[in-house]
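Here come two complexes built around chain A, the first alongside chain B, the second alongside chain C.
So, the complex of A and B:
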């Protein structure tokens, strides 16, 4: 490490704010209901909008007649795609395939074709029903298999083949030689059903076109910057005349990362009516907006030595992308590129394909593309450990990746706290005793008696079996590249101080509940020796705040945190110079704490912070300092090398203990132990909250959540019938924070908001197997699947439930690159915008 | 968001006034008590009344009278929370207290009433959807359409009876009192239901369910088990109500009624008859639970697969009987605390 990125400020680790379990700065407002979400905004003369959405899964759009709707009293404006520039857009430059209001085709039930602004929502809704749309239905393709089987029905005209959005193939090293070296080679097939984010806050937006011709959009978005850029393109309005403000987001999880039809329609309707226009989506519409977890079918082949070392791994993934591109190209890569970060995997081959279907488009959901292959890899490791006669926890510890090295696919890994994570959860859960103990009860691989027929147990005690399972994972702390190519900062902070003693932080970051506003208060407070309450955070306003790319890829704490540290240090330096002059000491001798600046040994003469700022303001003028951050440039030098690099990676280990009822197939979770390497807990309370939320979300994906379609329509687009766990299904969660003080992160911090979801799902599947000997190679694991597995066991057949076959599909010839496995990491602190 | 359409809300103080209001507005009016089911349905335009006759201001419809010895009378607007927490009911009609306590969530039990739960609209996952959703998938016979999407060949609607308390009241031999401008009548609770997803109540539109009458407890033991995906919120997709009267360790009388597997609660008389004269041994329970699954006719229009719900009928009947026999604690290890 050439230089400590934290600079001269801090070599010691004596913090006053960092590491404290402080409440979030917006906690009180949220608890008493004062937080103003987008749907809480009411502007004078505001109109209310609704979208008319397609009832067809796939159809040509003919004439759209809005005459009757326009004639309805109370209607201000009705627009169709003809009222918008004929511009296709998409979040990724390579997938410009969306229209806000479809003009030629609709590609899913829920595609918007028209929008209304009216005096109230009821009138707008009535007007929508008076719009006459002629549709010419086309066959709707509702699965990967259907889309591949019907190349003549093309959902889009672009892509890597008929209905194939993306086809990628990467190879690092000689995979056949790797398998030849192995003592055990396993091939397994897994399926991970798609699911949605389910944020409590439904998407909403308010647009106001001003008399000066400028436009403001307040929206519940995770990425005001990308929405800003795309609005300029879609509305053909200069970006300089558009302002996007992200309102506090009531849960995002990746579902508010694209520009959406309701935002664009609100803008256009406001421009046409001269009124502010609000469009708040219904829960059902949120299910159609989606951009959630891709359903992924996976084939994974891995070679192991008899000691459990991995010789090589070959993974194939097929993603059901839904109707549009969205982040899908990135999602496709993410189903492959993060797997080698966890364990020593010297040779790796990855083939992935994303297929278009006539369903709501999939995109990034917490863990973006990585929970699915993680489920496959960790379940396969469990099977291999059993075949090799190894304890699955010990086997994983043996094969941990090496810190400060490169992976086969050229990703640079810095600190790794996974070994400690495993130790902590193994210890706390009593893994060793339970893993052997439950087994010896005969419930598992070699059952001493067959499971009972359902209902035959009669009066006997309910037949439940206990099991325990383990899995691990890794996740990135911020994507190393933006979604569009540029060399500018990924995050910026402006820090302003004045004689009041207050400090204002301006940053484009969006708090989606993860606490980024709080982090932006804690870091300057720590560096300037003031209370977080003295810091005023102004986030996510494209007119006022420096660009931050958005709340995705677990990038915000690290990237805006580093920018905030840089800006704080610049401010501190100027204040220190002014105070040093007054006290006639060296600036380097000064300490900033307790809202004072002074020499520790002569603290009586310390200058109060407000007075210190006054001194600096007098000599320096207005105190406003900027900080910038961009990640180190480490993209692999091959096509596709831009997805996967991250400043650093977080690690998690999870143990789950559960019971399975052999008569009903029901699963009851008892305890989840999760260890997470987060570099440093800037606020352990917030970090634990993020980890518990991740565990909860993982439980839902493992046991019940699924985007299911029937007759071409989402089967259950409501909070009642789309089943997600309640507090009653949530077990005790025991969280262990493991600190590795990563040189890339702010005060050593890595991410904590996504990674901890990943190991929960395979740990549950592995625990189910441990309990009843049924391998569920598919999630969600339903009671019906358990009973099917038990029935197979009774028949003496392999008790595996999961996908039987993989699609007939030809992947591209691979990009073949030398494996970089084991090479030392590049110099750590070389990153742009450093002084 | 989805909003309620405009409507007139009447708040009569007496049953007579309510009956009069209902009669005078005819088909335009509906009754509402807690509104926990009706209002969401109105937001989705499944019901489009212009007048609602609210029952919550009628004091005589609230409360529990009597005791286990002579029988208990429940006002139809007694909240589900009150029924679940009532000590006498919990002690002598435990299945009813359990069923009331398993409806939806604590907040909804504080608003929802026992009468409302008995009369709750049948459910179907082709029907409990928004207007736009139903338009996309094709309207069904229960609302705006001509065919049943679950059983397209069938002339009738197969929406599912989704009351937790109805099968229990049936198994307990309860009666209900109905009031209309032309008079009052008291009928066995089973006579209140019809096996049709649309016309699921035999009550006349001008009748108000005012009281539920439980017979003397008289040595009856009862249990109710509910199948659903989660421990709260969810409607039943199978409910099993069993009641037995013991003489020593011999069953003298028995009733088994299964809910949420047809358009009305379904009795299992053959299974109940097989219990009478026997002891609740594991063998007898196994035989009876097989018989009890017969009347369960689930279709693919709720959560879980219908073969699974059918299969679970047997398991749940066995478990309910086992709990009455003292062979095992009933049902779920961790039930919701109201």
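So, the complex of A and C:
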């Protein structure tokens, strides 16, 4: 069989399962309320746990007295950090800075210091209030500026400087020479406020320790494998005696990717009480767990030729990391390394720093570190297009990156469907008739003056002005390296065929709503010629399923998909041999379809699939086959080159049309057109759903979502105060799927679940400018910002609202590497784990 | 203080002995084992825990069973009849309107109340009816599509 997973499918455009808008395999359970999320588990004798969390943003922890809590009737156990091994942990090996229950210091409001297991939640809650904790408050540092201004108040003792978690600097080519070549050099400063995932399901975990010392944890986690590894370390219990099951996740978006205090406390409490223990977090606690979008301040300097070509780009980012490391080192790199993937950017310099503050820790939210610089770059492109007198859509089309080449920072790019994405959204939105040039900057357009067509909003209120904006982006399809370095598969699948004609798929992948369970049914069904309903998917159980690293970095469809294809091909080969013997034909002549195996020209003699399985089991024995996948090793050969490589990149283009009310500053979105190059839509319905969800989330980030802190305290830790879009704020979303059939992906597929968020935010900012001539260089864009910009315009000053200055900060001397821009892509190497 | 209550849920009468301050959400999930009703905030902010009380959408996290004697309560488990899915359930599954599925029960029931009231709602009316139900996965698009499809099918039974 060919090395190319698709090579054996000559009629690949005659798929029976791939490309069909099938319901998800778990949709039926979800619409009848049968799906069991973590908090839906009720075990006999189960105790209920609660965490006691710090009310201080920064404090030394003194004596923790649990006497009164223990004495409360109905309390089974009370634990503090002293009841856990003194082990610090963190998701990244380089940032081992967390404790489940803090022993020396708390670093944010919401850090856990003790935990209780009791007969019910109410008793556990009451017991928490009876725990006496002595705190010695320390100054809480609540912003990048404060943390840098107070090196004497150290949040952590490690890092690249006082309160500096990470300081990176990379340079590819001669950046000064690149600016010298430019006709226009722009410097702009942007700020992207932090926001949170806000999954509808609050995190919950149930732990059950047995008298044999074995432990099972059911948890709403996106990464059972990493939780499994870290639990062994944290609890000092052999990993072989721990089983982690990821229950169906009620929304993740990156917020359930770390090991958390409630999971660890549930395990320890179960070990101590001999009962199953459930800890279900409240909505407020979920805001403290966080790991969401980093607030990022950005300075970006880009050189352009008069035709709009980029000569070089220099980006500086400052990330407000919050109280712990989490994925922050990766986040820091991601604010820089994906930028050169979208457009021709021959020279690139990136400097980034992540600063600790006494706020909930930031981490990987949908788009991980890339929406912030994307906002900066795409808004700057809009400004440059205006100065150069170019149509921003045409300018972008002109400078698209070249397929199958390398970027300045040595990333291999394969297929690029961005040109088609732009064409589709430009066409569908009526861009050419609606855009018709930039509004002139400054005070030349008096607000009382009737807006030029198409600035008038349907002749309704004259104070409302309509605008249209465009932006583009690229995103990775799976991180090229694991969170811990190793040479093992990133994803594994075991496929077992049984005599009924059913096929079981075992895979560690975690369905967070994106449909990974369904993908694991569709791919084997396509290859084996059976119905997805014949496939039984058993996901995310560390004692049963081969490792899949987790649902993050848009890696699952590609990586578990490739592993599933490999396992399916191995099964198919053995079945084909057995059927070929019976039919006395060559195995290669056999087709698998309609639950039969046979020769197309002689289909009457085709063997039913169940019988084919029996023939194969008779000769081969039990039919169980493994598939493995690891991405091609393409890390750039420089320090830091491990973040950014991916098997392939998705591309998106977005046009937004909106109205701005000049009296109130309110923005109303009318339509969003989004074109997304996803390689191939394995299921267009699911792909559209991912794209629509991404657009929605981008809208929230652009217009309303933001973490607000006052006097060291989270000001809006609830679903009412933390605004997110409802059906009324979410406009019609018009999705266009662009297929490029990428050689790296399963049946050509690339990601669809994160990339489409990225262009939405700058497209909105650019549309606001088109509508009212106000440049909002900060998100979320609020009515106050619009009104401030309009006021500036009235005063004849530049109508720009956004950050005015950047921190005084010294970046490291850069790692200087030759630019690899334009070099041919690395050949698609023989993948690991192929026979 | 505990109260002995008789609740009619999904057409079945249940006798429960529960603390008077226990919410309908908690009684449904913990005492009756009806975990199809989910919670997103337990403060009445997200619509996730919506059930129907005498046909009207009610946030079960704010409702007290002691107030509901004699009322007819419907949860997502009661939407299908005799193993046949409600057209809304069918449409939500077919069109991908449930991604993670966590907000789905509350949205299904809110939509059921809407269709009982207005069998052929406009898209804007659907938006308004569902404005109190947060969904973080779908961008609402497929949800609106599914309610429209269900309305169509109810109007013209297949």
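Heads up, the rule we're going with is that the second predicted complex is superposed on the first by the 799 of 835 C-alpha atoms of A that agree within 3 Å, B and C clash if a C-alpha of one lies under 4 Å from a C-alpha of the other, contacts with A are read in each partner's own complex, and residues count from 1 in each chain.
In the analysis below, a residue touches a chain if its C-beta (ideal position, glycine included) is under 8 Å from a C-beta of that chain, and two chains touch if they have at least 3 such contacts.
As the structure is a computational prediction, the values presented were derived from the model and not from experiment.
Peer 1: Regarding the shared-chain residue A:512, is it in contact with chain B (first), chain C (second), both, or neither?
Peer 2: It touches chain C, and chain B stays clear.
Peer 1: Once the structures are superposed on A, label A:728 by its partner contacts, choosing first (chain B), second (chain C), both or neither.
Peer 2: After superposition on chain A, A:728 lies in contact with both partners, chain B and chain C.
Peer 1: So in the superposed three-chain picture, is A:663 touching just chain B, just chain C, both, or none of them (first/second/both/neither)?
Peer 2: After superposition on chain A, A:663 lies in contact with chain B alone.
Peer 1: Now for A:26: first (chain B), second (chain C), both, or neither, which partner does it touch?
Peer 2: So A:26 only meets chain C here.
Peer 1: Can A:53 be said to touch chain B (first), chain C (second), both, or neither?
Peer 2: first
Peer 1: Once the shared chain is lined up, is A:633 touching chain B (first), chain C (second), both, or neither of them?
Peer 2: After superposing on A, A:633 lies clear of both chain B and chain C.
Peer 1: Name the contact category of A:605: first (chain B only), second (chain C only), both, or neither.
Peer 2: In the superposition, A:605 contacts neither chain B nor chain C.
Peer 1: Applying the document's definition of touch, where does A:693 land relative to chain B and chain C: first, second, both, or neither?
Peer 2: second
Peer 1: Thinking of the overlay built on chain A, is A:86 touched by chain B (first), by chain C (second), by both, or by neither?
Peer 2: Once the two structures are laid over each other on A, A:86 reaches no partner at all.
Peer 1: Output the chain A positions appearing in both contact lists, the one against chain B and the one against chain C.
Peer 2: In the superposed arrangement, which is not itself an observed complex, chain A uses residues 39, 202, 282-283, 718, 720, 726, 728 for both chain B and chain C.
Peer 1: Give the list of chain C residues in touch with chain A in this complex.
Peer 2: Against chain A, the touching part of chain C is residues 29-30, 33-43, 45-46, 48, 75-77, 79-80, 85, 89-90, 92-96, 98-105, 108, 126-128, 130-144.
Peer 1: Once bound in the complex, which stretches of chain A touch chain C?
Peer 2: That would be residues 21, 23-24, 26-37, 39-40, 42, 197-202, 248-253, 282-283, 512-515, 685-686, 688-689, 692-697, 718-720, 724, 726-728, 730, 732-733 of chain A.
Peer 1: Chain B touches which residues of chain A in the complex?
Peer 2: Residues 39, 53-56, 109, 121-122, 202, 280, 282-284, 454-462, 663-665, 668, 704, 710-718, 720-721, 723, 725-726, 728-729, 782-784, 787 of chain A touch chain B in their complex.
Peer 1: What part of chain B is in contact with chain A in the complex they form?
Peer 2: 1-3, 5, 125, 128-130, 132-133, 135-138, 149, 229-234, 280-283, 285-286, 289-290, 293, 303-305, 307-308, 311-312, 314-315, 317-319, 321-322, 325, 327-328, 333-334, 336
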